[in-house]
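Here's a structure for you.
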Amino acid sequence: GDMARALTEESALTSILKRGSLRVGMDTFVPWAMKDKNGEFIGFEIDVARRLAEDLGVGVEFVPTAWDGIIPALLSGKFDMLIGGMSIRADRAAKVNFSIPYYDTGMAIVAHREVAPSYTKLEDFNHSGVVIVARKGTTAARAAARHMPNATLKLFNKEPQAVQELLNGRAHAFVSMAPLPAQESIKHADKLYLPFSGTFTTEPNGIALRKGDVDTLNFVDSWIRVVRAEGWIQERQHYWFETMDWQDRIQ
Amino acid sequence: MMRTRKRPAVRPLDIAVILALAGLAAYMGWRVEIRLDYDWRWELIGQYLLRRDASGALVPGVLTQGLLTTVRLSVWTMLAATLIGTVMGLARTSTSLFRRLAGQCYVGLVRNTPPLVLMFIFYFFLADQLLNALNVDAAVRAAPLWAQHALALTMAPVNELPGFLSGLMTLAVYEGAYITEHVRAGVQSVERGQFEAAYALGLSPWQRMRHVVMPQALPRIVPPLAGQFISTIKDSAIVSVISIQELTFQGMELMAATYMTFEIWITVALLYLALTVACSLAARRVELRFRRGLS
Amino acid sequence: MTTVASPQSGHVRRVFDMARLVALGALALWLLALGERGLGYQWQWYRVPQYLVDTRGGTLSAGPLLEGLVVTFGITAASLVLSMTFGLCAALLRLSDSFVARLAARGYVELIRNTPLLIQLFFIYFVIAPVMDISATTSAIIALSLFEGAYASEIIRTGIESVPRGQWEAAHSLGLSPFATHARVILPQALRRILPPLTGVAVSLVKDSALASTIAVYELTQQGQIIIADTFLTFEIWFTVAAVYLAATGSLSWAASAMERRLATGD
Amino acid sequence: MLIDTPSSAKSLPTDTTNAAPVIVVENISKTFQNGVKALDGVSLSVSRSEVVVVIGPSGSGKSTLLRCLNGLEDVDEGRVVIDSIPLDDTRRHRDAIRQEVGMVFQSFNLFPHLTVLGNVNLAQTLVRGKSRSEATAASMALLTRVGLADRADSYPSQLSGGQQQRVAIARALAMQPTVMLFDEATSALDPEMIGEVLEVMRGLAADGMTMVVVTHEMGFAREAGDRIVFMEHGRIVEEGPTRRFFDSPREERTRLFLGQIL
Amino acid sequence: MLIDTPSSAKSLPTDTTNAAPVIVVENISKTFQNGVKALDGVSLSVSRSEVVVVIGPSGSGKSTLLRCLNGLEDVDEGRVVIDSIPLDDTRRHRDAIRQEVGMVFQSFNLFPHLTVLGNVNLAQTLVRGKSRSEATAASMALLTRVGLADRADSYPSQLSGGQQQRVAIARALAMQPTVMLFDEATSALDPEMIGEVLEVMRGLAADGMTMVVVTHEMGFAREAGDRIVFMEHGRIVEEGPTRRFFDSPREERTRLFLGQIL
């Protein structure tokens, strides 16, 4: 009895409700989370966080956090949960608790027309001398290393730098979570192309929470089940990942 | 170097340097022609500096907001760091072995650790504890509205304040180590005879500091202190890793969103340059004033 | 200045002062421990050694962190040589009697010192490097050298200026050429004033080389970040990396102060 | 203008113990951290109104001896008593002695950021707690005495060496010391300026100030010194009344030194 | 050991024009950038083997005059000719003059990073292009002459002031100059050390070296000087043969100055 009450008292859920606002940690990642022209946050993850807060009946505060420090920031309570396109992985789950997946993505690859002409399958990239760029600390980096072990991997802190490296012709291809590669190939159609459509991995994404907070985890899991069943998540996914309608909101 | 003799106005070295610079520029221009292929979109940058809000009024854009945060952060950091640096700098010149050693440990530890790492450790382990112990967050949220506005104007909005304060403390500890050394050098640059004369006249240690040493050390401390302010502006870029939304952070966010890598980096660099050059000019004036005051 | 104590009480005070210092250190550690408790972080130090030394397959080889350290040292060493060259050239131009040369050197120093290194690094890597066709490591070395070279040039310049005027005059009176005056009289004397602060430049180079991680150079920080991303051993790895840097910069600083003491007492 | 000039003040302590020596140095030794033994068992006593001139080759410990008399250096052994106050670790004794003893340095050591008047006023207001106007009145009297009343608002850097040294003397006198110490007060000066400083020092001696003077000016030593002390290697080789000392030095070493220097 | 000591070298130029003056200074003026007119129409000529002593109050332009003689300062007007070489903008003339003229400074200006031998050797190897062993032989002869052969491997900081100044003289002599300039060569020295430096200078004078000496040492001026030049405000107030100058100075100002300084 007392123990259960104490746990509830300490749970993030209680403090969110007390404070009247949900603090969400994320890092900029187009089109998951980014700033629009007016400096407001928009993106897929932002929609998810807003809806979650709305269903809880509280406001929302975004805490943009550099990827390097995002786990310590969660652990030290700089925000309540991390809704940031984080792929669920067993070793990560040793440090944080993951909710059930709220959507699945996979890795895709975009290549440079001149440096890597007419490559059509992953195997074409798996040679020494091929340079693959990706963002440091993402599952993209790990997927690239696993599927193209012979290629050289170059890691950058943010996607734009990786893409710039590719555009500068200093790399053969860029690996990232779909649909970013596809969107880049459209934007720079003269230089980049998709060797093949679709993804070469499948990764479930979850919301990350501090360990030991079962109540909040249970709440988040339940909420995900509901919005998935509604089809709301799928609808948002379509808007952000399959259309480019949001493009003119940022420029 | 030591003689002023009438010589031709243009020297061989002048010509050599001009030729070297021109050659470099020409070579770069030529390489740019053949290599760089970039779709410049400078016309989009303006809105990140100044933009119209919903009501049509002109408000600072994202980068300008970042710049303002950088300025606020640097000014507060400098104030706090000067305090730390003065105390520790005097400790380093003290007769007490304890104070000297404490000062030495502080400077040695801080200056030999990469700032990024220092930032992480201090931010996650110490700053939060201090803020929690002082209950800053609650106190600020409970403060009257006008006070919150004043805070937002001089530091950061309420919800970003704890982060701002943590970053401030961390940076202050970092810059303080450098100021400590400036203060120490300044005090030690005062001739020994001045200490002795003050002693012989019967002045107490405090009076000696206040009336004899500091007035002479200050003109020598202020110029490097001004230089340190410029460093602070630049170093404040590292607090972007702990998510304080200063200029570098905003630049990186914007780049992540728009992919306008070069335009944004160049704009950010120019903003920094404008800030630091303005400070340099001010610093030089201060230095001249002090130098004139001394002679 | 004056030590106000007889020898015996001086000894007691030394011990007392050391004790106070230890107490201060303990206080700092206690604060850290308090912070750690508040964090609720699960420490997994036992996972760290494998990243320093790789024992898989029965043979001993350097783990990613040590490999990174080697790269860090490589970058630092190359940048040190290059930055000294830039620094010496800029300083001599600054002291020359040519107006253009002074202006160019001044412009270089001011431009470099007034912008963040990170931004210079990005500019060189993403704008200059593709144009000139140079690699990430080379870009990092160039950026670091240009940056520290600007600081080195100021150190060298003030070092040269600190040589008393009489030395120039004596060399002049003996009929020494300008080159001989610099090479045999002025620079050897300036060196003793220049060397200690220049070791400070070396320390900065070690620290600043961490920024090369942002342009995909696999040095110490980059290796650390990759491990963190894979394992979330955030603090364990950061502390390890910090300790490695501290060991490197600390021994450099120590060497610097030892040298300073030697130069101060030697002849 | 006549309030509180040092000469009028000097008559006060005479009431107490005029016969007892003002400075007593008993067997003091001093070794520096670098191992140099600068003083090696020096004893000396100076009576009220006596002018003692210390001479000796460079490095013989003259400056160190002087600096031990006001606590600028601490002795390793032996003891120093000034005007019945022992110079020990007690803060109160040290402070009292610093106020009893005025010191004039070879390199003047004027405070460059203060005017001449500011220099002379400083210790009066801070240590003696005088009001600004009281201090200024006393300072102007002293500056008149050293012939510099018209330069009161100049900064030290605007004065010649001789003028600076005279200000330094006025500054030391402003504390109304019982004893004045001079460490080669003229040796940083140009020949023409030495005269004016020696003149002021002669005046002080004539007024009955107790003085210990380290100098190379044998003319001054002969004329104003009551007693000469010759030091070498941290020891007093010979001492004696001025006339006797110069006319018939007892030690071979003294004769050699005087032969070279005169 | 006897090869090339300056005294033997000095006899060489004598062949040419012994009667003509070695130093000719014609009406030179010099104004510094801060507006101080340090020299104001000075003319002077010095014959071979003559010893001219320049005296005068501080700031009278003595040092500036000396520095103009070897091109350390440039004159605004007038001309300087040394051993028939005009001191003009020609690089070749300037270099030749710097080798003809040796200079000894008040503050010694020894190179602190070189040993005594290194100091004396430096210009011989770099300017005269001698081999190391040749230079060392000549240097040791010179050091013997100034009494410092046993200190050849010491560093300047390990020497007393007098010893340092003697090394500075040896260093200047190593270039086998025709003329030696001394700018207050003894005034940074302790009384006891002045003697040894003056002794070396006396020796040079006796050997027939042409010398221009700025000094406050009237004893030396009287004894070794052939002619005395008294300067003030950048002008020569009076000059004359030593005996005449000291015994019956013509100018009122000279009398005043001598009165103060003696």
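Going by the order they are written in, the chains are A, B, C, D and E; count residues from 1 in each one.
In the analysis below, a residue touches a chain if its C-beta (ideal position, glycine included) is under 8 Å from a C-beta of that chain, and two chains touch if they have at least 3 such contacts.
This structure is a prediction, so every number in the text was calculated from the model and none was measured.
**Q** Just tell me the minimum hop count from subunit A to subunit E, counting one hop per pair of touching chains.
**A** 2
**Q** Tell me which of B-C and C-E has more C-beta pairs in contact.
**A** Pair with more contacting C-beta pairs, B-C versus C-E: B-C.
**Q** Measuring between mean CA coordinates, which chain is farthest from subunit E?
**A** So the chain farthest away from subunit E turns out to be A.
**Q** Please report how many Å separate the Cα centroid of subunit C from that of subunit D, as a whole number.
**A** Computed value for the inter-centroid distance: 50 Å.
**Q** From the C-alpha centre of subunit D to that of subunit E, how far is it in Å?
**A** The computed centroid separation for subunit D versus subunit E comes out at 38 Å.
**Q** How many Å are there between the centre of subunit A and the centre of subunit B, using C-alpha atoms for each centre?
**A** For subunit A versus subunit B, the centre distance works out to 34 Å.
**Q** Out of subunit D, which residues touch more than one other chain, so two or more?
**A** 71-72
**Q** Going through subunit C residue by residue, note those that touch at least 2 other chains and give them in order.
**A** 2-4, 38-39, 122, 126, 130, 169, 172, 235
**Q** Quick check on subunit B: which residues sit in contact with 2+ other chains?
**A** 2, 120, 124, 128, 196, 199, 261
**Q** Mind pulling up the subunit B residues that touch subunit A in the complex?
**A** So the residues of subunit B in touch with subunit A come to 37-38, 44, 47, 51, 53-54, 61-62, 65, 120, 123-124, 128, 159, 163, 240-243, 245, 249, 252-259, 261.
**Q** What does subunit A use to touch subunit C in their complex?
**A** Listed in rising order, the residues of subunit A that touch subunit C are 67-69, 71-72, 75-76, 91-92, 94-96, 133, 136-138, 141-142, 154-157, 161, 164-165, 168-170, 210-212.
**Q** For the complex, which residues does subunit C have touching subunit B?
**A** Within the complex, subunit C contacts subunit B at residues 1-4, 13-14, 16-18, 20-21, 24-25, 31-32, 34-36, 38-39, 93, 95-101, 104, 110-111, 113-120, 122-123, 126-128, 130-133, 165, 168-169, 172, 203, 207, 210, 221, 235, 238-239, 241-242, 245-246, 249-250, 253.
**Q** Please name which positions on subunit D make contact with subunit B in the complex.
**A** Where subunit D meets subunit B, its residues are 70-72, 95, 98-99, 101-103, 105, 107, 109-114, 122-123, 126-127, 157, 168, 171-172, 175.
**Q** What part of subunit B is in contact with subunit D in the complex they form?
**A** Those residues of subunit B that touch subunit D are 191, 193-194, 196-197, 199-204, 207, 211-212, 215-216, 294-295.
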